[in-house]
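Each of the next two complexes has chain A plus one other chain: chain B in the first, chain C in the second.
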Partner chain A sequence: MSKTKGVFLFAKNNGQLDYVKQAVFLAKRIKKYLNVPVSLATDSPIYLQETYGTDDFDKVINLDYTNNSNLRYFYDGAMSKKQGGFKNANRADVYDLSPYDETLLLDTDYIISNDLLSSVFESNADFMIYKKSSDISQARNEDEFEKIDDVSIDFYWATVVFFRKSETNKTFFDLVKHIEQEWHHYRRTYQVKSHLFRNDFAFSIAIHIMNGFQPGSFAEELPGTMFYTADRDILWEMNDDKMMFLVGKENYLGEYTAVQTKGLTVHVMNKFSLTRIIDKELANE
Partner chain B sequence: MDERLEKALDFSNYMITLNNQKRLLREKFEEQLLYFFSGSQFTITKELINFCKAMHDANQDDVVLIDDHGNPALVQDIEAFYGNILAQYFEAANSYHTNYITLKKNRSVEKLVEYEQN
Partner chain C sequence: MSRGIVVLAQNTEKVNYVDQACLLAMSLKVHNPNTKISLVTNDEVEKKNLFDKIIPIPFGDHAEHSDWKVENRWKLYHASPYDKTIVMDTDMLILQNIDVWWDFLENYEIYFTNKVLTYRGTPADTNFYRKTFIDSNLPNLFSGLHYFKKCEFAQDFYAWLELVVNNWQTFYEQQLMPQSRPQHVSIDVCASIVAKILDCEDEITNSISSLPTFVHMKSHCQDWKEVENNWLDKVGFYISKNCEIKIGNFIQNGVLHYTEDNFLEQTPVVERYRSLLNV
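Moving on to the complex of A and B:
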């Protein structure tokens, strides 16, 4: 019997940002570029149903609504920021929630613009994640995405994760849950300065442990590079696979340089500017 | 502002954008050089192309190649493999070249990022 495959998204709205809207937008792009079904886990299923419908999704999984969140600032370019709840808990539940044998887990702000990731479903690797990343501006210091701290272990992005259901991968995701529950212990052990729980850190620590507390081959690199823009940048325009960004100039607060990408998938961290673009795109449908 | 300085700063902005766009074209080219075969990933390099050609010329049908993750992969039809990577290399390189020439002709920031004010 052939294995089932699909993309899995989480969307938990926080009052400032509509992750459900992002998920609907991304699901359309996934169908266009990757041509695989998409499942969504959300704590706002009624909002999804009433506002957007569920046609873009293969399955919608209801999550219990909770107010538990980490408070953090969300920037909208270099000059504006808002404080909001960051509901990033329980990402490791994807192993149990995903209806697929082969799952590609994506953040809803990872804007798919080519078919590169469709290759993962044919890959020999059972667990893949990005370590290699590139800031599209190239003007900023990228050290924070090399190691989880100056003298600590390699940094991996939990933004995109491919896995097959297996005992080993179940062990991995159970370990991530444990790290999340005991976050302050692991934060101190791995010398992470930030108190804020981040899935990137938890996944990086879990990979380090799975590899026998040393670099190893448990996690294979996803194809290509993970391109990203910071939340100090602004997504200005989108037209199919083309995106134009205003990227903040280093040391010149409020000044930007224009950058255009074509056919490159980009992790857009400024979720406010992404929402503005999505509003335009959805209005044009 | 002194006109000389203003012109220099305009040019400086143009160069920042040009260099960013050149780099992104290069990154795109590198993505297009990824070749997936039987669950393995290969970056098409001149070395890989030449090695496959050498194996083909030596009448080696079954060849073990080392993929991007350092894992061995058995290629049982090196002729077809060689033909595929060569075709993909030419397609990626031609696209890179065309886009690069277009980029170099653009003499303003707006044209570099194909921005049209509404």
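Moving on to the complex of A and C:
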């Protein structure tokens, strides 16, 4: 019997950002570029149904609504920021929630613009994640995405994760849950300076532990490089697989350089500018 | 054919290298109880039973007025009681079974490690300490862990090493670029000069093999953005009752070259090994 495969998204809205809208937008692009079914876990299923419908999704999984969130600033370019709740908990539940044997977990702000990730379903690796990443500005210091601290372990991005259901991977996701529950212990043990829980850190720590506290081969690298733009940048324009970013200049607050991409999948951290673009795109449908 | 490890220890006013050698011998016994280790020294050794043999430094002490005591290192070829010898620095710990190393070294008459690791298990960039190797195009050899078989080639190599060490200023002037020429004798530099003179790099090291190697704890090798002079001030050191060692979040295997003179005083490592081995 062939194995089921699909993409899995989480969308938990806060007062500032509509992650459900991002998920709907991304699901359309996944269908176009990867051509695999998409499931969504959300705490706002009624909002989804009433506002966008569920046609873009294979399955919608209801999550309990909770106000639990980490307060953090969300930047909208270099000059504007808003405080909002960051509902990033329970990402490791994907193992139990996903209806697929082979799951590609994506953040909703990971804007798929090519078919590169299709190949993961053909891969022999059972767990894949990005360690290699690149700021599209090619000019800023990327140290914070190399190690979780100067003396500590390698940084992995929880933005994109591929896994097959297996006992080993179940152990991994259980471990991530444990790290999340005991976050302040692990934060101190792994020299993480920020109090804020981040899935990137929890996944990085769990990979290190799965490797036996040494360099190891538990996690294979996803194809290509994970490109990202900071939340100080602005997604200015999108036309199919072309995107135009205004990239904040390092030492000139409020000044930008235009960078255009074509056929490049990009992690867009400025979620406000992403939302503005999505509004335009959805309005044109 | 006999085989074993040999270390040279000469105490100074500041550092008790014999104590370091005893610690190395204890660490050897945990994972390699049948591997012999001999100590070459003129100093008093309290725990003699840790060693197979204790051998006086042959041909007199050429390092009497030296801080680093490297002037006697070439004598280890002559002092070793074994047909096949691994030479190690005293400030090392052996944290795994090294039988597979002996098997690998069967392929060589002399072998020097040329790649070392950070405590995170990644290749260490030693350029900070090895400018003279780069500038003068020397083979990147680490004599802190090397091997020789008693044979004509090794005898020849060590005869050259004796010559270079005893006349190091002359050889340094001939072989090393002035901008990074060291002002003191270094056994790594001397061994690399010999390898260059004999044009034998391919016969005594292997750029592909990842074994044998060691974790080199000099601070500037660790791929840190902010470096402390003493790595013990930068990252945690942990040793369990079973003498399993972690540095930071990383379990250590293989050989750990801890490098810091105050390592024995700053960590509970001696007490842990004594307790485990009941010595």
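By definition in this document, the second predicted complex is superposed on the first by the 285 of 285 C-alpha atoms of A that agree within 3 Å, B and C clash if a C-alpha of one lies under 4 Å from a C-alpha of the other, contacts with A are read in each partner's own complex, and residues count from 1 in each chain.
We take it that a residue touches a chain if its C-beta (ideal position, glycine included) is under 8 Å from a C-beta of that chain, and two chains touch if they have at least 3 such contacts.
Everything numeric here is computed off the predicted structure, so don't read it as measured data.
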Which term applies to chain B and chain C once both are placed on chain A by superposition, clash or fit? fit
For A:T189, using the defined touch cut-off, is the partner it touches chain B, chain C, both, or neither? Pick first, second, both or neither. second
What is the contact status of A:N124 with respect to chain B (first) and chain C (second): first, second, both, or neither? first
Could you tell me if A:G84 is touching chain B, chain C, both of them or neither one (first, second, both, neither)? neither
How many degrees apart are chain B and chain C as seen from chain A, counting from C-alpha centres and rounding to the nearest 10? 70
In the overlaid three-chain picture, which partner chain does A:S137 touch, first (chain B) or second (chain C), both, or neither? first
Can A:G263 be said to touch chain B (first), chain C (second), both, or neither? first
Superposed model, chain A: greater residue contact from chain B or chain C: B
Least Cα-Cα separation in the three-chain superposition, chain B to chain C, whole Å, stands at 14
For chain A, which residues count as touching chain B in their complex? 114, 116, 119, 122-125, 134, 136-138, 217, 220-221, 223-225, 227, 237, 242, 244, 247, 257-264
Complex interface listing, chain A residues touching chain C: 143, 150-153, 189-191, 208, 212-215
Enumerate the contact residues on chain C facing chain A in the complex. 120-122, 222, 224-226, 234-235, 246, 248-251, 253
The chain B residues in contact with chain A across the complex are 13, 16-17, 20-21, 23-24, 27-28, 30-31, 34, 36, 38-41, 68-71, 99, 109, 112-115
